[in-house]
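Some notes on the structure that comes next.
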């Protein structure tokens, strides 16, 4: 049975629709990431589940219980805020116990839960400190601890890593993944960072413009984006987009690029003008003449691989990937091959069609 | 801090313990040397009436502050049970409805009556045949002098009194001689910074010319204005010639005299106890007090009476009123001690006593009782009353040489008649 | 001081520092002079030359003030009324400031305008009406009567509102997630979070209330109800030479606030800048 | 945020109730009452008769009102700008110091502010006492004539203004110090690299950046000093109150000394309107100067 389910929920702020009929089921123990750019409604959706925003229309069920009219505290969910919202005047222990005291939980039970959570998060030594005495990462953990002690049906994370520096962010990300592994609890995680989404999620729900754009596992979303939007949003560096003229018959078609070069491919589409999408790792530098050539403008060496920014003859720009020991230098004329199985074509409505 | 708390606590305990007896709340404005005597009398009274009546006394700031507090406390029904009052202010108090009448019955209860007081004094507390206060004393102003300094300058006559008390020229000569002797900073200390106080001196000098402030409801009629100007001129002359202390407030005046920096001082008789006490402690020179010098035609000294009055705005029980009457009666009958405060007791039975007649320095200046003049009987008069207020405003600049006497008089005339 | 700052102080700076320190000492001199005079005998006080230290040191004037006057009672009155003003002003302002900042209710804007308007009205012009009102309520000569008209401090509400406005709304939401009621949010989150502001404001309001003169001076006609600031100017013997005695009473009246300031200097500084609308 | 509007309103009303009750009783009602009273011929306590605008019509010919009005204006002129300049100068001095010395010097300058007015009165009345004050001894030493400071009209207001500045300056000093601290050090460092002289540094860096605080201090002082009473009352006791009247003093005198509640109310209304007009003008002026920048 699904732990949380949304059925056609809507919300508007003063006449402006911010969530437009979203339906969604989240399974027990699943870590779901809401991914989308700012303004996409992902945070609003999370807050609607938490009870911090009203649900204008539609149904919300949490743990089998209709919840859209329940107060936030009664929904059996816990939330970790972007800024953590740790009460500055309370010690770590008091921060974690506050919610439990409010529901008049017995003292020894509170004690047990706080200690358990502290052990899980390895912060036993911090319990009597004030938030101001903690580092960013430690605060983050306290915020999670505060959620854990409630033993909720689901955890809600609202961009929890955005206040950490880069190194800490990566580490905490791993810790979160580990935590999820260990606790096997339902989690909803909101972020605009596609790397976080890719690395953490069981399923990613991509939101754009008040609606769900795509639901799928990270690899689904990465390999088979539903739309031009998803294709562009997921992946770093982003997908290359080129103008292409499709011709030929089904099964044996050609896409003619702006510089005149042709790519053979197979896709369920009729002839016409499309946008062709290809990820940098599917564009390779070739030692021998290949599909087309471009001039290297910038060479980014990332160690294990090299990203080559190129300009084609007609001025189209794209990024290709080469090995770590690439010999390409800026200004070099480079031969390029395309992995035709990883091509996507987008029609004028932005719908994706994947090459076979 | 602990000490303060302990004292505060004991103060609280003291007030609550006192509630067993009938407590009479008492206000006075007697803060000078006479205040010490009055506190002694209150203590004596309380001792003699232990368990029956307890006076809870407070001394407020003299003058405008005192009468302002009385006025507002009566208006809001928070008045004391008994208070000291200036007889000169009784007409104003009656107009403001501040005082309870002292009825014939009250007088009988107290065992006092018209026959116990001089006519002028009885008249001072009466209006339309009713009485509003029990006179305690009359208190004129006198001239204090430093015998040591004057003797050294050869300015004492055979009676040990200052020379030149009989004329303006004579007194000026004495002052000038003191100045020339250079043994003191000022020949004369006067309360030149406080117009309210100087009213007494100036009014005395007007009286020496038979001047009147108010004639048939009009102010400074005829040559009275000129007489006021004369009085002011004398005082201004003393200032201009460096004969008296300028811009001196009350405490400074006393301090100048007692510290020997001024050879003479014009002040109320109520400072007598200050001198007596200091002298007893060996901190004061030989001193004396005499009637004011005759600057103009004949001797005259401004005088006022302290009286006890019962304010309105205070729902008194029968018992409380009886207690208040007992207080007033006792104070009047025991006012011989009050004479040690320099005042002249109002109760003529006291002044007739031999002990009183032998008292010094009272007997030296007692001659002036024949020459006492009082405020006009009008609601505009009295200590801190409207006339006082207007006139005092112009006295300070005039006495200190900022303003011509002539200009001051015309300003005073304008403002008085504007009231 | 670090070695670099020592190096940076050139002789001009040195002279400047000395000058400033001398100014500060001169500035505070009257206070010193008052204290010194209060421990001299009366006859030494009026000597015609300057003595910066008493020849005979005496505490008799303090003893007199503490035993022969009602100063103890006045202390109690001052403490009760100053604490009363402080507690009532801070609590009502805090609640109102919180409501205006955090809650939506009909009349909110009107209330805010009322507060801003009261900012402009000098309470001194209301003395007559306050007096009449307190007389009608039979509150003259009572602690309540001294306290009530002193409770108009709109600036405190404004400060609180600003502070509550600045609290990120995350806290409110976190508390809601924690099952906290509206009262819990106020009493367990918002008030404790701004405890520093409350302490600072309380200290300055206490100082202001302790120092209040005009209203306590009018509202009290009985000496046993006077506050110390009023008492020492109204009841002291006007006649006679009592300079040192008056000064000793003044020192006693100023002592508690001076102590409060010296103990809580930083809070006082913070509160003053806050009350003027500058963030500390 | 999910809100329960009804419950929220209820809670809000409970929270504002004590405040509204107190304000209603001691602010709104007395303010309305003030205007009614000013049209009556009434004693301080007790009923009065409607007197039309008589209480107001008297004022132009009332000498004491004139004295009070001009003295108030004079006092404001003597305190507001000079007081602000003194505070600025002191804070410029204090801000250069550091550590313990700064804390100590600041306390010395600030201490007067926290004293009750009656204490301030006693201290200065004693310091400037005509016969025994230490200031007079100093004049003697320099061979100057003694000045009866609180007893002459020439010296009274300037002296009270001086004492007032001494007393209230600490408040402004703290504001200036806060303002000075808010000016980034880098600006001074940049200016120092440009070889800016001390005076030019003050004129072109400190002063303009401090202007918002200066404006604030001026505003606070202006409104505060219009309401002067305590010092003037205390220093004129036993002296010349009628020459030293200021507006609030005159309200007090009419109401409490002369028992004329109605006339006092009329004077209070005039002061009330003065304060409001000045507040509004001042506000506009500040806005104007903000915009000009």
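Residue numbering begins at 1 within each chain, and the chains themselves are lettered A, B, C and D in the order written.
As a working rule, a residue touches a chain if its C-beta (ideal position, glycine included) is under 8 Å from a C-beta of that chain, and two chains touch if they have at least 3 such contacts.
All of these numbers come straight from a predicted model, not from anything done at the bench.
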item	value
Touching both subunit B and subunit C (chains)	D
Chain nearest the overall C-alpha centroid of the shown protein atoms	C
Rounded Å distance, subunit B centre to subunit D centre (Cα mean)	38
Where subunit C and subunit D are represented by their mean Cα positions, the distance between them in whole Å	16
Averaged-CA centre spacing for the pair subunit C and subunit A, given as whole angstrom	56
Intercentroid distance (Cα basis), subunit D paired with subunit A, Å	61
Interface hub residues of subunit B, defined as touching at least two other chains	61, 63, 65, 72, 75-76, 250, 255
Multi-chain contact sites of subunit D, meaning residues that touch two or more partners	1-2, 44-45, 129, 131-132, 237-238, 256
Sequence positions of subunit C contacting 2 or more other chains	46, 48, 131, 135, 173, 176, 218, 233, 238, 243
Parts of subunit C lying in touch with subunit B, wherever the complex brings them together	43, 46, 48, 66-67, 70, 72-73, 75-76, 131, 135, 140-141, 218, 221-224, 233-243, 252
Partner subunit C, residues of subunit B touching it in the complex	3-5, 7-12, 15, 25, 31-33, 35, 58-63, 65, 69, 72-73, 75-76, 78-80, 250-251, 254-255, 258-259, 261, 270-271, 274, 283
Touch list for subunit B against partner subunit D, complex	61, 63-65, 67-68, 71-72, 75-76, 96, 193-196, 245-250, 252, 255-256, 389-390, 392-393, 396-397, 400, 402, 415
Complex contact set, residues of subunit D against subunit B	43-46, 63, 129-132, 148, 151-153, 237-243, 256-257, 259
Subunit C contact footprint on subunit A (complex, rising order)	47, 50-52, 71-74, 77-79, 81-85, 87-90, 98-99, 102-103, 146
